[in-house]
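Each of the next two complexes has chain A plus one other chain: chain B in the first, chain C in the second.
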Partner chain A sequence: MRKKIQLGVLLLLAVVLVLLPKVSPFFIVFVATEILILGLFATSFNLMFGYCGLLSFGHGAFFGTGAYVAGLLLQHLQWDFIWVLAVAPLAAAVGATLIGWLCVRLNEVYFSMLTLAFGMMVFAIAHQWRSVTGGSDGLAGFPLTEVGIGLDIVLANPFHFYYLTLLIVALSLAAIYLLTISPFGLILRAMRENTERVAFAGIPANRYRLYGFILSGLFSGLAGALFATFSRVAVPEMSHWTQSAEPILMTILGGSQYFFGPLAGAAVFLGLKTLITSYTSEWMIYLGVILLGMVLFLPKGIFGLLERWLGGRT
Partner chain B sequence: MLRKLLVMAVVAFMAIGFSLDAQAEGTVKIGAIYLLSGAFSTYGQFAKNGIELAADEINSSGGILGKKIEFVLEDSTGKANVGIQAARKLVYQENVDLLMGLDSSGVAKGLVPVVPELKKPFIITHAASPDVTGSLCNKYVFRISLNIAQNTKAAALIAKELGVKKWTTIGPDYDFGHQSWEFFGNYLKELDPEVVLSADPSFPKFKAEDFTPFINKVISDKPEGVFISLWGGDLINFIRQANNLGFFKQNFKVLMSLGAATEVLTALGDQMPEGIWVGTRYWFAANDTPTNNNFVAAYKKRFGDYPSYNSQGAYAAVYAYKTAIEKAKSFEPDKIIAALENLTVDTPSGELLIRAEDHQAVVNGNWGITKADKNYPIRILDPIRIFPGKDITPTPQESGCNMQ
Partner chain C sequence: MTMPFLEVANVTKAFGHFVALRRISLTVREGRTTALIGPNGAGKTTFYNLLSGRLQPSEGTVHFCGRPVSGQPPHKINKMGISRSFQITNIFSELTVLENVLVALIAHLNLGLRFWRIVNRDKKLAARGMEVLERLGLGPLASSRAGTLSYGDKRLLELAIVLATEPKLVLLDEPTAGMTPEETHAVIRLLRSLAAEGKYTFLITEHDMNVVFGLADHIFVFHHGELLAEGTCEEIRAHPEVRAAYLGEEVD
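Take a look at the complex of A and B:
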């Protein structure tokens, strides 16, 4: 029964997302695009947090790397977009390999602190290396290229970009989902519960954590590349700790124990932000109060609440 | 139950919010993007004051071609991607006719290339990056405020007159600080090939709290002139600490490219040293014209303060739009854009000409020497030096704009 409800909801969501641009006001397409991209970022973050039990405070590093690599490739080489989307996440994955190799040995707050430090190191590089990254102003005004492989998609067209994003995010989420239910995903989850017991079972825990970290960085980089193209800029703030904090907030809002929790959290976070800024310039305090209330009263996130409503576990 | 109701209420609220489309007939809607949150949110507040004042004045005297002005503000938060999304929201959701704003160069550089997609005219009133009306220029974007090139050209002209040869800088460690020093140095070298520019200038972190090491370093380097491009809260902190360390009693000349901002002078009061060359994009006492006198009086009456340059910039932009629309006799974006080109606007900062070639306004630079005056609560400029726009604005060829 529960499976059927889930499948139904998922199908309904897919229909809504596909039909959205046809029925919604134009600007909603932009908000939805942003939600999808940051939802992917939050989901890839949650691969470490929800499944591996490691709270990374430095995922902005991979998001930013993806954004900058995409920006640089578009600015200097004008590659077809499909290749940009292939290479930028790989660059982020390389970064995740280096950073992860050092970080996964640590647990809990030490892991969080080290990822935070590496994240800010990437920010400092983006901010200071003016000749390559454009310094504090970042990369701006890069051209949008063809998508490539014969696809007739215009990146500058918000509808086209929305559907492209929807497709890429859907494929990525499917891939991440398959990972989480695979034996590999089970090992990650087992480590979340008790790393030592997993190690005693003969599984090289750190190596599996590193694999998780690299995959998480890879998809974060993909989200960053999409975000830079959507925003038309790659700026140092995209690797700042405040950027790293966004997926954390989104994940907690949506529910870290649910696969679609981070995506739902992204929708609520960005929806509220877009809405409140229309009414007041002191939007941060209102958003803060609302988020505080949601975290306090919905400890399992939106999905936890929904599940209770639908009469699942209590 | 209560919780269910609460959630439903939030959802309903969101649905209503998104479907609201408040475009009343007979209004012209301006969307403005400024820094409204964080440490530098006073700049957004100043801009808001300027827009409010201009809109009320125009509305109470018949509006623009009979239409009343309505304005919506959005927060850039100082991030380019946020600013771009805000502009999209203003155009597609709020249906604004005209755009204006931008405090941060970073936001401006990111947003300007996207404006042609939005197909609305955009007047920049603060962000100073030369690229915006240079390599990144486009048909839709205009700037009526002083840019880095203009302000540093004026600074270089003063530096030449001061006659000292060995210069260094203290500037914020982001693109604005580095670019200010590059432009200042290049202009000064042109004017006087004998000057020596420090190979090791000081760039404290933006929003740094402690400037002591940099102050001590400059004092021990013994330069003959120091060009300072710190601004806002950074400049206030710097001057307080520099006073304590005797920085202004040393044997070197000091130029502050944004030292005459009224918010800085107000915060410092009599801690602002006298006899220092300071610049600003607008000085309330620089022009004895009816436009300026009316503006200063109305501003002071309404907000209780002397107008800062950001208020003036925003105020002037609204009037620039009014002048252009009346010239075009139309609210069509393309016609407004055509009317803005080569337009002369009477602003509190003097008459300015918006060039057709790169859409940069040829606008006056204001500099002066700080002086105490018992009639004012803040340090004032005496003498005032006004650099006419034509003397300090690089040619369109030099600005590198290729207008399409």
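Take a look at the complex of A and C:
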């Protein structure tokens, strides 16, 4: 019964997302694209946070890496977009391997602090290495290429880009979901509770954490590449700690213990942000108060609330 | 086969100036249920931590079936065939009872990186997990969340996680601590029948002398970090120093 409800909701969501551009104005499609991309970012962040119990405060590093590599490839090599989308996440995964290798040995707040430090290091590189990254101006004005493999998609067309994003995000979420229900996912969930016990059962715990971190970085990089193409810029702020904080907020809002929690959180976060900015430029204050209330009164996020309404977990 | 099963040679463990274990040398024989007793602070848990890789000895060596244990990380020691339980119940409360055992099975069968498999649909894996649970009488609880189990069942689940990796040597740290007398009896019976199967060799620390004398073929007595005595139950019961140091208040 419960499974059927979930499947039904998911199908309904898919129909709404597919039909959205037919019925809503350009502006809504624009916001929806952003929600999908940052929802993917938050979901990949949550692979470490919700499933593995490690709060990364530096995922902006991988989002930013994906964004810059995409920007650079489009600017200098004009590769077909499909190859840009293949290479940019790999670059982020390489970054995640280096950073993760050092970070996964640490626990709790020490892990968070070290990821924060590495995140700010990537930000500093993006900010300082002017000849490559364009400094504080970032990369802008890079051309949008063909998608490649014979697909007749115009990236500059927001509706086309929306559908492309929807497809890529859906495939990525499916891949991440399969990860979470694989034996690997079970080991991650066990490590969230008790890493040492997992090690004493014969699993090289730190190596598994690193694998999780690399996969998380890979999909964050994919989100970054999409975002740079979407916003037509790659700027240092994309790897700033404030960027790293966004998936944390979204995940807490939606519920870290639920696969679709981060995506729902992204929708609420960006929805509120869009709504409030249309009234006042001081949106941060209002959003802050709302977020504070939600964190205080909905400790398990929106999904936790839904679950309570629908009557307990089974 | 003259290769010793578990051989501890001259092991010392110091924390700064405090010497927790001093020049311990002992051999555990395969197939013989061995108990490790001693008052609190005698060094039993430290000794377990050395055997399972949580700590490294300051001096001396530990060999298991001829291979060095000291210097290896916990997961490698587990793969060599030594698995331990913990004094404080150490299960995965948010996972189901079956999932708790599957974690250990996945580790044992090296399935952790089969990203494309779906763990809940793997009937073979589930069947193996259920086998372990049923052996310990936890079968009916398989789909309960582990955190909701009674204390005694949690301890049994702890044992199930240990056994699922099919160890040759099982280190149990006070397996009946905090249990009711009935639960304690059930655990003794269970351990006895497991030992009789001949698959596992148990090394047990225990405070409860009834448990020790009811189970052990061979006993080591630790006192102030040193090996005070070893022998059969009768020998230990009769040992004057052991009686003075430890048993005095507990046995007759």
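The rule is short, and it goes like this: the second predicted complex is superposed on the first by the 312 of 314 C-alpha atoms of A that agree within 3 Å, B and C clash if a C-alpha of one lies under 4 Å from a C-alpha of the other, contacts with A are read in each partner's own complex, and residues count from 1 in each chain.
In this text, contacts are C-beta pairs under 8 Å (C-beta built on N, C-alpha and C of every residue); 3 or more make two chains touch, one makes a residue touch a chain.
Since this is a predicted model, take the numbers as computed values, not measurements.
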After the overlay on chain A, what do you see for chain B versus chain C, clash or fit?
fit
Per residue count on chain A, the busier partner among chain B and chain C is B
On the A-aligned overlay, A:G202 touches which partner chain: chain B = first, chain C = second, or both, or neither?
second
Chain A as apex of chain B and chain C, Cα-centre angle in degrees (nearest 10):
140
Is A:F184 touching anything from chain B or chain C once the two structures are fitted on A? First, second, both or neither.
second
Nearest approach of chain B to chain C by C-alpha atoms in the superposition, in Å, rounded to an integer.
28
Enumerate the contact residues on chain A facing chain C in the complex.
178-179, 181-187, 189-190, 192-194, 196-205, 208, 211
What residues on chain C touch chain A, complex-wise?
52, 54, 73-75, 78-79, 83-84, 86, 90-95, 99-100, 102-104, 106-108, 111-120, 122, 161, 164-165
Can you check the complex and tell me which residues of chain A touch chain B?
24-28, 30, 34, 127, 130, 134-138, 140-141, 156, 227, 231-233, 235, 237-238, 271-272, 274-275, 277-279, 281-284, 297, 305, 309
Residue ranges of chain B touching chain A (in the complex, touch as defined):
3-4, 7, 13-14, 17-19, 21, 36-37, 44, 48, 72-75, 79-81, 84-86, 88-89, 92-94, 105-106, 109-110, 112-114, 117, 129, 135-136, 174-176, 178, 206
